[in-house]
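Remarks on the structure that follows.
Chains here go by letter, A, B and C, matching the order in which they are written, and residues are numbered from 1 within each.
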């Protein structure tokens, strides 16, 4: 006989009369409560922490909320933003940088990934070294890149005795400095993703192409690139979003005009306390990011259709 | 895709090897070396062009870490915040990860998207929105405010890692524990936690390092009273002044835990858990 | 030692009903086996008894008190899993002690009990090892020790021997039954292996498609199944359709494709009833062709199995191949003429009532 009585006797004189529906309903409700209790600390916190700022942002952009708001629905903020060359040029500047960074990083990453497929001595070392920027936050990346290619950087110093003037990338109105740092920071993750996706291509597919007469270039363009496109677009998405919204780098080495969108938005908020325009800019940023995400998903869906036909 | 078959000549391979290796070293390794040199520059002498190497070295800048109040203050602040963020994000994230890993959720996809949302939102937008709300709540320029703000961008990683680890625990073990008399808390304590220890470890590392490096949210929420190391770095890089030597020291202080973490992580943990934390999808 | 009862248990997953109207009583100290093929609901039933799954309807009663709403960890039962489910991060001794730890037993007492339990399963020296260092059979014994050490009201076993090879399974089967009888703990055992069920149980409950088809002692349920599904699951069955033409005090006669057959009568039968007679292969006798009585037939197939030889025999007067089992090596060859002698004890399946399931 067990020494411990573990039975909790439930006084239920009419237990058998409980119909199927009641018990099932009670269980469902209990399950729901437990699920909710589990989700609230984490997902609930995140929900709250993002809905409040975003909601406030959207409302403020329409003049409904926030410090110094008009108090009624208005499109004044948007009109002010659209009409001010400061803001429109900022938008265009950020877009430029993002597109340039994305395209360049794709090219560089693809080339590097291709080279890494080669078997050469020191390949593993290179494979480890290029991952360094993955763990370097963008601020530090800015510092490191600057020490190398900034106006007083190592490259400039090495070239100086030969009389070659190294162009200053700092505060360059084309955003070249920003792009260089963003590339240093983002190319490794792109290489990682592209390599992984390329490695996933089954060898027999490439062999089949070769036996059918495709030379290396055509294998690359007609087989490898299309099959890599889901991974490539994922990588491109990451890089674009990072480059479009980056703050630290342009705030330090960006030109005075045009300024990056994020820098403009922050200064509207922190310096000028113009919350209305800042939030309108914020909404513009969200819309841009949202559109790119939607584009990405559309491309993914289409490529899934295609790869379904291949696989 | 193993090997580009069309490059056969061994001499060509060696040429490529040399090119790629030197390029990699110049681009990825030299900047580190230069950073270390900058941190060791003698403040009395400086390091100006055309010197390729500093004329004289000294540890003065590193000593400044403890001597200069704003440096030591930022150091302490950063680490305290990092510890708090790690604990909070793991504690808050664990139940949600459990739900995602082991419960039958109706809106699972939606919740997964929600967990990823902090990373897809432009951080400026999140920062300024949060900043303005925190001003109203009185959390601006407080330690708690910075901790909460950082948790938002750190939790997607901790939740993803914990979810991956938790889904690997066999249901039979949980059933056996319940059957043998373990109340839900005991099941978590005696069975779940020990089995997810590697994942917790990975999550803690990611959270800690993520918090140390976090700049924008801390900047907007904490400035000027609460200052973390990245905020200080920004100041030294031209945000406030331009002190290359201090910038180098702060950069290295921030880098060392990160590099150590990667080293440890690669040794101790399984690859999949890292990938779940790092990558997309 | 406790009495366990299930009343009207039902469970549905999505649209498919997994269990409907399952009612069962397990007497104190009894070894009851839930037997059936995959998908019949036996594991679900066990989980409901353990409290790991909640039923949609019905009650679970322990010693007459309802425990349907009692959470799993408060039911005082213990379960042995097919996968052993040993905690990999605990040693063997810590595994066995787990249930005692949950019941807050003082460490000294726990250690003594753990040692006794491990001795019971002949693993006394293995306390300090980890599960991964043990073989499958040893792991299963640890799982058993872990379950027994808490002196559960009911012991539940979910196909515990399925992952072991045949020899080990046979050996552990014997040990398991011996242990259970020695401790006298009420036991519910789940398996799809009818040999196991027949060898171990005091009673068998045969399940199919979420219902209990019939219950009975092993010999009864094997020799005289009440349902066609049971008959076919528990061993080879020769099913002969027939019409009852005579009912006597002790016996009855049917008209069948094999002619007039007579059997001992165990239940009520009426003349004109349609029935199916179930005969087990080992009960049919094969005699040489010049024997004085019996049905003439011809051997169609011979399969030597070592301990027995299995035949398929075609009776001369009907298109009804019969399976016959004879112990020892083969006396007849393919094509030999023989005579069949049918037993007087048979199982009668009433064709009036439809079988519990349409197809197995």
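By definition in this document, contacts are C-beta pairs under 8 Å (C-beta built on N, C-alpha and C of every residue); 3 or more make two chains touch, one makes a residue touch a chain.
Remember, it's a predicted structure, so these values are computed and weren't measured experimentally.
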item: Remotest chain, chain B as reference, centres from CA atoms; value: C
item: Contact-richer chain pair (by C-beta pairs counted) among A-B and B-C; value: A-B
item: Approximate Å spacing (C-alpha centroids) for the pair chain A, chain C; value: 59
item: Centre-of-Cα separation between chain B and chain A, whole angstrom; value: 16
item: Rounded Å distance, chain B centre to chain C centre (Cα mean); value: 58
item: Shared interface positions of chain A, touching two or more other chains; value: 6
item: Per-residue multi-chain contacts in chain C, two or more chains; value: 74, 76, 103, 150
item: Contacts with 2+ other chains: residues of chain B; value: 181
item: Interface residues, chain B side, partner chain A - complex; value: 1-7, 13-14, 16-17, 20-21, 24-25, 27-32, 34-35, 38, 48-52, 91-99, 103, 105, 111, 114-115, 117-118, 120-133, 135, 148, 151-152, 155-156, 159, 181, 209, 213, 215-216, 220, 223, 230, 233-234, 237-239, 244, 247-248, 251, 254-255, 258-259, 261-262, 278-281
item: Contact footprint of chain A on chain C as seen in their complex; value: 1, 7-8, 10, 54-57, 59, 62-63, 65-70, 74-76, 103, 150-153
item: Touching residues (chain side chain C, partner chain B) in the complex; value: 47, 50-52, 71-74, 76-79, 81, 83, 85-89, 98-99, 101-103, 146-147, 150, 156
item: Complex interface listing, chain A residues touching chain C; value: 1-10, 12, 15-16, 18-20, 23-24, 27
item: For the chain A and chain B complex, residues of the former touching the latter; value: 6, 34-35, 37-43, 45-47, 49-50, 52-54, 56-57, 60, 66-67, 114-115, 117-123, 125-126, 129-130, 132-140, 142-148, 152, 154, 156-158, 160-161, 184, 193, 198-199, 201, 203, 206, 216, 224, 234, 238, 241, 244-245, 247-248, 251-253, 261-262, 265-266, 269-270, 275, 278-279, 282, 285-286, 289, 293
